[in-house]
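You will see chain A twice below: alongside chain B first, and alongside chain C after that.
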Partner chain A sequence: MNEKRGISIAYYLMTVPMAILFFIFHTFPFLQGVFYSFTDWKGYGAWNFVALRNYLHIFKDKDVITAYLFTFKFAFFATLLVNVFSLLLACGLNAKIKFKNSLKAVYFLPYMLGTLIIGFVFNFIFANVIPFWGQSLGIKALSINILGTKSAWYGILFVTVWQSLAFNTLIYLSGLQTVDKDVYEAADLDGAAGLKRFFAITFPLIAPFFTINAVLCVKGFLMAFDQIMAMTNGGPGMSTTTISVLIYKRGFQGAQFAYQSANAVILFLVVVSISLVQLKVLEKREANLK
Partner chain B sequence: MREWLIQSSSSKVKIARQEKSLKEGKVSWTVTILLVLFAILFIVGPLYITVVIALKEPSDMINVMALPKKIIWKNFFDAWRMTDYPRKFLNTLFITIGNLGFTLITNSLAAYAITRNRERSKFFNMLYFYFLSAMFIPFNVLMLPLVKQAYAFGIDNIVGITFLYIIFGLPMNTFLYSGYIKSIPIELEEASTIDGATPFQIYTQVIFPLLKPISGTVAILSFMWTWNDFLMPLIILSKPNQQTLQLSQYVFQGQFSVQYNLAFASYLLVLLPILVLYILFQKWIVAGIVSGAVKQ
Partner chain C sequence: MKKTKRMIAMLIASSVASAALVGCSTPKTVDSGASGAAQSGKEATGKKEVVLELFSSKSENGEILKQLIARFEAENPGVKIEFIAPQDAGTVLKTRLAKNDIPDIVAMGGDATYKELQGAGMLEDLGNEPFMANVQEAYLEMVYRLNKDQEKAAYGIPYAANACGVLYNVDMFKEVGLEVPTTWDEFLDVIRKLEAAGKQPFELTFKDSWTGLPMWNAMAADLQPENFTNDRREGKTTFVDTHQEIAEKYLEVLKHAQPDFMGTTYADGNKNFAEGKAAMMLNGNWAIGEFKKVNPSFNVDLFAFPASNDTNKNYVISGVDVLFGVSSATKAKEEAKAFVAFMMQPEIAQEYVNNQFAFSAIKGAEQNDPTVAGIKADVANGKVANFPDHYYPSGFDLAALLSEFGLNVSIGKDEKESIAELLKQCDEKYNTANVN
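On to the complex of A and B.
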């Protein structure tokens, strides 16, 4: 009976205004960016169509290529380290331990704090605290501010992993809690223990949580911005400039509106394809495990 | 005979006890100690440094890690005045609360209408996939044109950015709400429809109260997003009196220069509200974020 009457206009009132606003302020800027990527607009003044010139130029632009390579390297290592350490932490927190709730609360704390301020705090630690220790302990590698050297990206990697561990550990922990204790007892009877038990039984069971974490990590780290602005501002030189930082700096301050729009469109395609491939591959593997 | 019985029963108790402890497992002190050490070194440590530096005077900075010789509360007053903290705090609070309130109402309404009509209407199904696919568009990709547009529309202020947050949260929140609404039996609404209730009445009286758990998740995620966001305020809010707390830290970083004590007092002032909230509501916050993430 309901279906025959059709859909009440009230439902349209609930969605259509929001959808229109969403189109105006989200989809339209996106389409505008795509449009301008085929022009030579500086962000002001007159512009001409240049077809694919921006795109062709990007593939020959050393700065852009450097930024992409750095972003990929950074996203890869950050995802890897975050997942390894957060899985370890989650296993630790899931074990029979004292002060379980307090420890969980402490390890989750970094998630609550703004990345920018965390970046500033670690900036100081890398610049003043660690060199101070390095000098007094006589360790040469630690006695300088690594953010000013070629190794600056290790500092950024550290801070990123430090903060991201919180969320990912929490997800793994909730995954581990879904694993039935009886499965372990059966494993004990079969003589599976330690690492073997982990890789043969625990990990396949929490694979869906690995999928969530891996996809969210890669997507987030490809967009890294706050910690870099706080710690190195993309330097020294261009060595820690991610694509997001490059788009921001050149697009707003470098009069490269159209050119960086093309860069943004490429970034969009990269993120979408990586996310889709990741989802497909990881889901397939999960299905095989079952 | 009797002795034997007692013995056997006590050994039975022993065995039972052993079995019980096997099942529950012994407290693993190695893991506990390792976790406590790491927590102190990596999480409590940096926070300790932050607090200590904020309370020191520059002449007391030779040994950074040591407790302050004299506690300098003045750092906080100076940072408060220098960054115009009250103004920035109220700006951030306005954006956060405004976004929270409107997001909970408008986004849940949209998700409700979409979820309940998706199966019988192509239009609503299309809207669902429209919002869902928008989740793949990173903010950095549309920020250049967005800034021009925000300027043209005159929304480069705290009211405007609040509005943008409400709009930009829509894809994610539609997704979260939709998953939850699907699990609510439709019979409840059908009964109310027969009683003559309009869709809006059903939403306010039946659906919205039932959405409490997922609204909690959406509220926490929205709050964290707007309070800690840096990029959107950086590009949208150009006037100093419109800045948020995070943005003002970035803007004043150059002026703090090597006045580390002042800078850290200022950081602490920004971290404090969220630390207090976390200590008070830690359980709900963690539970809300987990259920949001696992549903993704």
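On to the complex of A and C.
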């Protein structure tokens, strides 16, 4: 029977158990969260159905709106910077330069460290190391902890970009390696070199990789959490509270489990729709450029 | 059925024994409560053993509690107490409530988590226990006010209290020739003299936003109208109408803090203060242990924050730092109560507060450490007020608002505007959080 269909049972053994585990530990809790978003559950004890009350309350909650605005701003700049810099790095590393492999290792190092660890390390650097040098050199802007100022989010942005560069560079690098050498030779003959060659030949050919990176970046940064918990805990004030941080803080520490579940459902819908729109738009571009 | 139970018991017993041999921590095979398996687990000794779980939400008192537990176990053969004190205990406790897996005994603060726990009907009323005679009424009253509908029933027995106010560097005060201020005007005078002598008056640590709360609490307790807590909850009054003076005085203090107070963490600030970089810190007795770690000979004392010019109103802010509660679902109620009764003995309470720089809520136990001598009389005379923020809704993040206020002050935003914005935000966010 197996031979007839040409599908071995082994393939099912490879995929089905994982699907079951995924359902139990991921999909089911997610559905539970959706369910509780229609109740007034505090995370324990008795609860009642409250229909759409939680969802309606979100639109009246200024903190939620502020957090969304910050999250969008953060995701936009982080995505932009990460993609620009990782593309530059990838192009550099793809060229025939010396110390290529050591440089690759240097850039990949941050990715192997946990975000929380990096957050705590930079917390220390921003709080002690930089102000120390700022004060000794008499530079006023550097003599205080940036995480305690209105510019705290630049600090977080810097750390996030620095850490995320690694993975994106890797994807771009693998993309660049798929580009056939012949294409470049042909371009040379046609007189395309330098920037012109990059925008006319290289970038269009690695456009699918740009799509992946852009979508993954936006998705990841819209859910930024670890680095913020480690560095500012959402402060000063609410100025670096992303939506995930807000959900965690209010949901678990503020006993608003059901309400923040509703918030999480909305975040899910937002992330999914943004990703879909991005995919649509960027894939269309890919086709056009080819 | 019996057979399987026996087998499970054997398995558990042997796993416990082997784990003990290897020397690793007690495995979590013994469920909370004296489950059937655990009770029959030691049938070999001829006596039933009851295992209770004690959940503590404070990391600082683990050592002393473990010592006292060992003594209780020695006095009460057949009762074992498993002690746990996880990180971020409030969250852990709430998560466990979600699973209906409640510890038999809780030792926790008289805070919003207690309010949640009690409100959910998870705790036993201990009002009729004989040890109630040992408990100071003022602290019992504080716990009552946290109960749902402020019911006068002892679901939580106050045990130890903390105190917050102004921590000051005694040697520096002597050096500049300062007296402990008892009114707001004297306080301003102290600040002026310190600055004239080239000393930094305050070390503030707003990078950890919770550290903005003790100061707010100290001022609010002295200056807020009498029934503010209840009136605000019912929407009869607002922060804008009543907290103007508090915000103004708060801002006054911020102006005399070190330049980078927004970027200083609690840990760094404690270190700076213990090294003599500032004269005062606005926090509580719990920070004293941290100073001593940096500078064991540091000469520090505490005085009540003099927010008012009427000395009668300048309370020491003292809240219930540790209270004991017994789960209403525990299967070993008697044993759990016996443990609470053991802890309530004045000698035991004395030992506890000596170890913790804390104040006792038990009659006959007194705090005599010189590091908190400045407020001892006030505490003994009951001139204490609870932390006002314990009565705010738990979703109301006042710390974040105060941190924003601090930020505005640090960048030199117009003072009147900053104050108006803070108070307006307080009302708005309070209202948003004030839903059930």
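Definition applied: the second predicted complex is superposed on the first by the 265 of 290 C-alpha atoms of A that agree within 3 Å, B and C clash if a C-alpha of one lies under 4 Å from a C-alpha of the other, contacts with A are read in each partner's own complex, and residues count from 1 in each chain.
Throughout what follows, contacts are C-beta pairs under 8 Å (C-beta built on N, C-alpha and C of every residue); 3 or more make two chains touch, one makes a residue touch a chain.
Predicted model only: the values in this text are computed from it and were never measured.
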In the superposition, chain B vs chain C on chain A residues touched: B
A:G237 touches, of chain B and chain C: first, second, both or neither? second
First (chain B), second (chain C), both or neither touched by A:F252: both
Touching partner for A:K140 - first (chain B), second (chain C), both, neither: neither
Chain B versus chain C as contact partner of A:T149, first or second or both or neither: second
Contacts of A:N128 with chain B and chain C, given as first, second, both or neither: both
Chain B and chain C contact sites that coincide on chain A, given as residue numbers: 43, 128, 252
Chain A residues within the chain C interface of the complex: 40, 42-46, 57, 60-63, 123, 126-128, 131, 143-150, 233-239, 241, 249-250, 252-256
Complex contacts: residues of chain A adjacent to chain B: 2-3, 7-8, 10-12, 14-15, 18-19, 21-22, 25-30, 32-33, 36, 43, 89, 92-93, 95-99, 103-117, 120-122, 124-125, 128-129, 132, 162, 167, 170-171, 174, 209, 212, 216, 219, 222-223, 225-226, 229-230, 243-244, 247-248, 251-252, 257, 260-261, 264-265, 267-268, 271-272, 275
Of all residues in chain B, those that touch chain A in their complex: 24-29, 31-32, 34-36, 39, 42-44, 46-47, 49-50, 53, 64-65, 106-107, 109-110, 112-114, 116-117, 120-121, 124, 127, 130-131, 134, 136-149, 164, 167-168, 170, 190, 193, 198-200, 203, 224, 227-228, 230-231, 235, 246, 249-250, 253, 260, 263-264, 267, 270-271, 274-275, 278, 282, 285-286, 289-290, 293-294, 296
Parts of chain C lying in touch with chain A, wherever the complex brings them together: 90-91, 94-95, 97-98, 100, 112, 116, 120-122, 206-209, 259-265, 268, 394-397, 400-401, 403-407, 410-411, 428-429, 432-433, 435-436
